[in-house]
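Next come two complexes, and both contain chain A; in the first it sits with chain B, in the second with chain C.
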Partner chain A sequence: MSTIVIDHLARVEGHGGITVELEGDAVKNVRFDVFEGARLLEGLVRGRRYDEIAPVLSRICAICSSAHCLTSLKATENAFAVEVSPQTEILRELLLRGESIESHALHLFFLAVPDYLDRPSAIAVAAEHPAAVMLGLRLKKLGNLIQETIGGRAIHPVNAVPGGFGKVPGVDQLIAVRGALIEAMPDAEAMLDLIASLPAADFCHSDTCFAALHSPNSDRYYAGDELMVVSNGDRAIVPAASYRSLTNEKAIPHSHAKHSTFRGKPFMVGSLARLTVNPKRLTERSATAPERLKLSIPSDNPMDNNKAQAVELVNDLGLALDMVERLIHDGVKDEGCVPVTPRAGTGVGVTEAPRGLLVHSYTYDEQGCVVSADVITPTAMNAASLEQHLRKTVEQSPDRDQAALKKKLQMIARAYDPCISCSVHLIRK
Partner chain B sequence: MKPDLVIGLGNPLMGDDGAGAAAAEVLANDRRLARRVDLISADTDVLSCANWMERRRRVLLIDAVEGEVPGSISVLRESPPLDGQQHAHHLSAPAMLALLRQVTPTLHDTEFIWILVTVNSARVGMQLSPEVAAAIPKLVERVRQELRRR
Partner chain C sequence: MGKPTVGIFGLTGCAGDQLAILNCEDELLDLVSFIDIRDFLMGSSGNDTGCALDVALVEGAVLTNRDAETLRAIRKRSGLLVALGTCAVWGGVAALDRNADRARLLEEIYGETGHGYDSLAARALHELVKVDLRITGCPIEKDQFLAAIAGLLNGDLPVYPDYALCTECRMRENNCLLIERGEVCCGPLTVAGCHARCPELRIACIGCRGPLDDGNPNSMLEMLEKKGIGRRQVEDKLRTFAPIGGGQ
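On to the complex of A and B.
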């Protein structure tokens, strides 16, 4: 028996790896391992007051901090039956769109593109293609600017609080964001040209089940209380409150991240899933982007998640501009927050983080202190599907050259855009 | 030229990984210092500081580094070595800085100084280990010394 091992996929906070066991030419076992020690993140908020939860849990990940903050607020407001204003909904949607722009730019330009160009890192790409790296940095900066304007900080937003926004952006700030978005439109075109020019990554095909927040007629990251699962043309709706029927986590021996399945099938979340579940979410401006990238939906190639991110990036820029123009036109009112009255009960918040569905659920006591918490990240949900695609990659490879296989396996893992640190989700005590 | 910039790095939810952020917080509470130096906490995302870094003579980065003796402090005037790995989700802090310097001409003349505290674990929790917590005043003083150096 031979074994292919890829030790590190993550940075210092935690590390994950891939192990493939072969018996002759046959694949005996494929594992996506998460070695990281116990994170027990939910334990950090047990006993804390409701208004302390989002600031703590937004720190789970610097790249997804707005998503963790807003999903946390959504769960808390759900527990206390707080209905936020339409203005708050728009500002939160815009905040998540800024995060998605930032995250997709980071992933595409600095993690995925080096793979396609067969370069060891973004630094190596920068030496040969500095303009491409500058393009990625400009788009990432724009995402940071949106988050800083709406959330008060580029990472770990402070303005979003239970019941609304403690501080809303001024018109001058929104005008500056509008200017930056208009300036970025040619960058969006250049980004599409770059992604379209990359070599094809066509080495893994598999029927895939997809899950995303259901938003049939619009493009949403924040609003919505229904999840939809699409599998071979069949569509199933799961109310947010019943998220456990979707996540249905199962502890497995080789990973600290539990595996999720829906009706026994692994499912994929993220950009490709969002485009599959909500085919009408693209605006007129971005409608031609899939064709330019030769992206057909539904796709059976997980590498297409990279193309789907590029499509979303263009869509996000256009929609962010629309939202900012609407806010400038209507004016942003300093309306204060909806009063929050704590009560005993459980609340669930589900949003679309850049890399897919994110669930927070809290049970509170009468004083508004957390009794128990549940945080399920997109990477935890993706773990079983990723393992399935790693297996297919090996099975469908015509040869068993270790270096070539390793590269393909790493590309598949990166296409999922995993956040291995925050995927760790231990059994609650 | 803008004032010197101090960036605290690390995730405060990950125990000793948050040592840089903890030191930056102590420095931010010093109002006299805050009048002549800009201070930010960047968590684990150096790229998000790109705008902040421009037109500075000096940028000081406070971060945790894995090693044998927790709490020991070192100063590097060159970037720490790159780990050479292509990660799944993020670039390391030295890799992010190297990338920014490579493609941003306005950063070429900026002096970058790493002030590092050694940690030997980064486990979940909002507390620093006793060794690293005890080193925070020394770490802060080392940053002040660097800022006094002209």
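On to the complex of A and C.
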């Protein structure tokens, strides 16, 4: 028996590795090893008051901290039957757009693209292609500007609280964001050209099952309580409250991330899943982007998740601009938070984090203190699907050259945009 | 003299401080022209994992034996070790209850499989190795990070505020959430440096930068008790990111 071991994955968030065991030419075992320390935050928040939960649980992950914060608030508000204002809903949606723009730009330019150009890092890419890296930095900065304007900080937002926002942004701030978005439109085009010019990454094909928040009429990261799973053309709806039927997880010894399957099948979440589940997702502005990138949906190539991120990046810029213009036109009201009255019960919040579906669910006592907390992250949901695609990658490589295989395996893992700190946080039995 | 060699490392945490470095979008390319980043797993797949380093920037807390070994190895190869962020400086949110029964929590979360996991109560870096500079914050503030790099390039260390967040809050002329609204605002016990970001947004400080060296938690507990807020609630809040009263 021989093994291929990548003991510490680089250019991903967190600590993980890959192990492939071969017997002759046959792939015997494939593992995505997660050895990130378990912080047990869901256990540690027990007994804490409802207004302290989002700030602690947003710390699960920095790159998805806005999504964790808002999913947490959604779960808490759901438990207490709090309805936030339409203005709050738009501002939250916009905050998630900002996070997605930042996260996709970071992933594409700093984590994924260096592989296609055979360079170890974006810094090395910058030595030959400074304009490309500066383009990525500008897009990333724009995402952070949106997060700072709405959330009060680019990492671990402080302004979003149960019932609304501490202080809503002023019109002058929104006008500045609008200006930055308009200025970024040529950058979005240049980004598409750059991604389209990369060499093809075509070494893993597999029937894939996808899951995402279902948005029948519009494209959302924040609003919506229905999940959809798409598998071989079949579509199944899972209400948010029944999320466990989707994330039927099991703990495994080699990883601090549990594995999820839907009806016994692994499923993929993230950009490619969102585009597959919500075919009407794209606005007119970005409708031609998939064609320009030679991306056809549904795709059986997990590397296409990178292209899907590029498509979403363009789409998100357009949608963020629409939202900002609507807010400027309607005027932002300093309306304060809606009152939040704790009560005993359970609430579920589901959103789309940049790397896929994110679930928070809490049970509260009548004082509004946490009795139990579940957090299920996209990377945890993706773990089983990633292992399946790592296996296919080895099986479909005629050449068993270790260095070439290692590179392909790492590219597949990175295409999932894993957030390994996130993956450690899982449901209680 | 060549460029100083630098390593950027993450122990257990959220990667927020490494992300805060990558968020210096306007400065990043200049930054890498002044320093030679030799080992940065989150940013590069071509790292020298054994070379001597002039400066190691380390974020996250120690939560596993693997973290402890990694940290000791980093210390050994580095001239200066900088603790980056509240987890590295204080233990952070993972240390919010260091007396929790971890074996029980692991079993509750992972079932029997959890018994074999490498899992320790969270510790700050200084509890294991010598730390030369602490840049606190959850996450760190960009300006304080850049000041540290500028200082290191010039052969000295930056001086950070050692006064309470209230000083910054008053300078921004905010209404006091603690005195005027009776909210549990951790400002009086939290070290300044964020320009009172949260109270500026009418949100009480949750102490994410960690405690002031000479804060007086008892006076705050008494004051809030008079306003009808129980000791337990205030203590819980004060303990979220660091032990009450500091003690470094």
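One rule holds for everything that comes next: the second predicted complex is superposed on the first by the 420 of 429 C-alpha atoms of A that agree within 3 Å, B and C clash if a C-alpha of one lies under 4 Å from a C-alpha of the other, contacts with A are read in each partner's own complex, and residues count from 1 in each chain.
As a convention for this text, contacts are C-beta pairs under 8 Å (C-beta built on N, C-alpha and C of every residue); 3 or more make two chains touch, one makes a residue touch a chain.
On a predicted model such as this, the values are computed, not experimentally measured, just so you know.
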| item | value |
| --- | --- |
| Clash-or-fit label for the pair chain B, chain C on chain A | clash |
| Touching partner for A:Arg48 - first (chain B), second (chain C), both, neither | second |
| First, second, both or neither for A:Lys140, with chain B first and chain C second | both |
| Chain touching more of chain A, residue-wise (chain B, chain C) | C |
| Partner chain(s) touched by A:Asp417 [first = chain B, second = chain C, both, neither] | first |
| Contacts of A:Gly152 with chain B and chain C, given as first, second, both or neither | second |
| First, second, both or neither for A:Arg285, with chain B first and chain C second | neither |
| Which superposed partner A:Val161 touches (first chain B, second chain C, both, neither) | second |
| Partner chain(s) touched by A:Arg178 [first = chain B, second = chain C, both, neither] | neither |
| Chain B and chain C footprints on chain A, overlapping residues | 8, 10-13, 37-41, 43-44, 56, 59-60, 62-63, 65, 106, 110, 114, 120-123, 126, 130, 133-134, 137, 140-141, 144, 154-156, 410, 421 |
| In the complex, chain C residues that touch chain A | 10-17, 19-20, 22-23, 25-26, 28-29, 32, 37, 40-47, 63-64, 66-67, 92-94, 96-97, 100, 102, 105-106, 108-111, 113-114, 116-120, 122, 138-139, 197-198, 200-203, 206, 208, 233, 236-237, 240 |
| Contact set on chain A toward chain B in their complex | 8-13, 16, 37-41, 43-44, 56, 59-60, 62-63, 65, 102, 106-107, 110-111, 114-115, 120-123, 126-127, 130, 133-134, 137, 140-141, 144, 154-156, 410, 413-414, 417-421 |
| Complex contact set, residues of chain A against chain C | 8, 10-15, 35-44, 47-49, 52, 55-56, 59-63, 65, 106, 110, 114, 120-124, 126, 130, 133-134, 137-138, 140-141, 144, 152-156, 158-159, 161, 165-167, 251-253, 256, 258, 410, 421, 426-429 |
| Chain B residues within the chain A interface of the complex | 11-14, 17, 42-45, 47-48, 50-51, 66, 82, 84-92, 95, 98-100, 102-104, 122-126 |
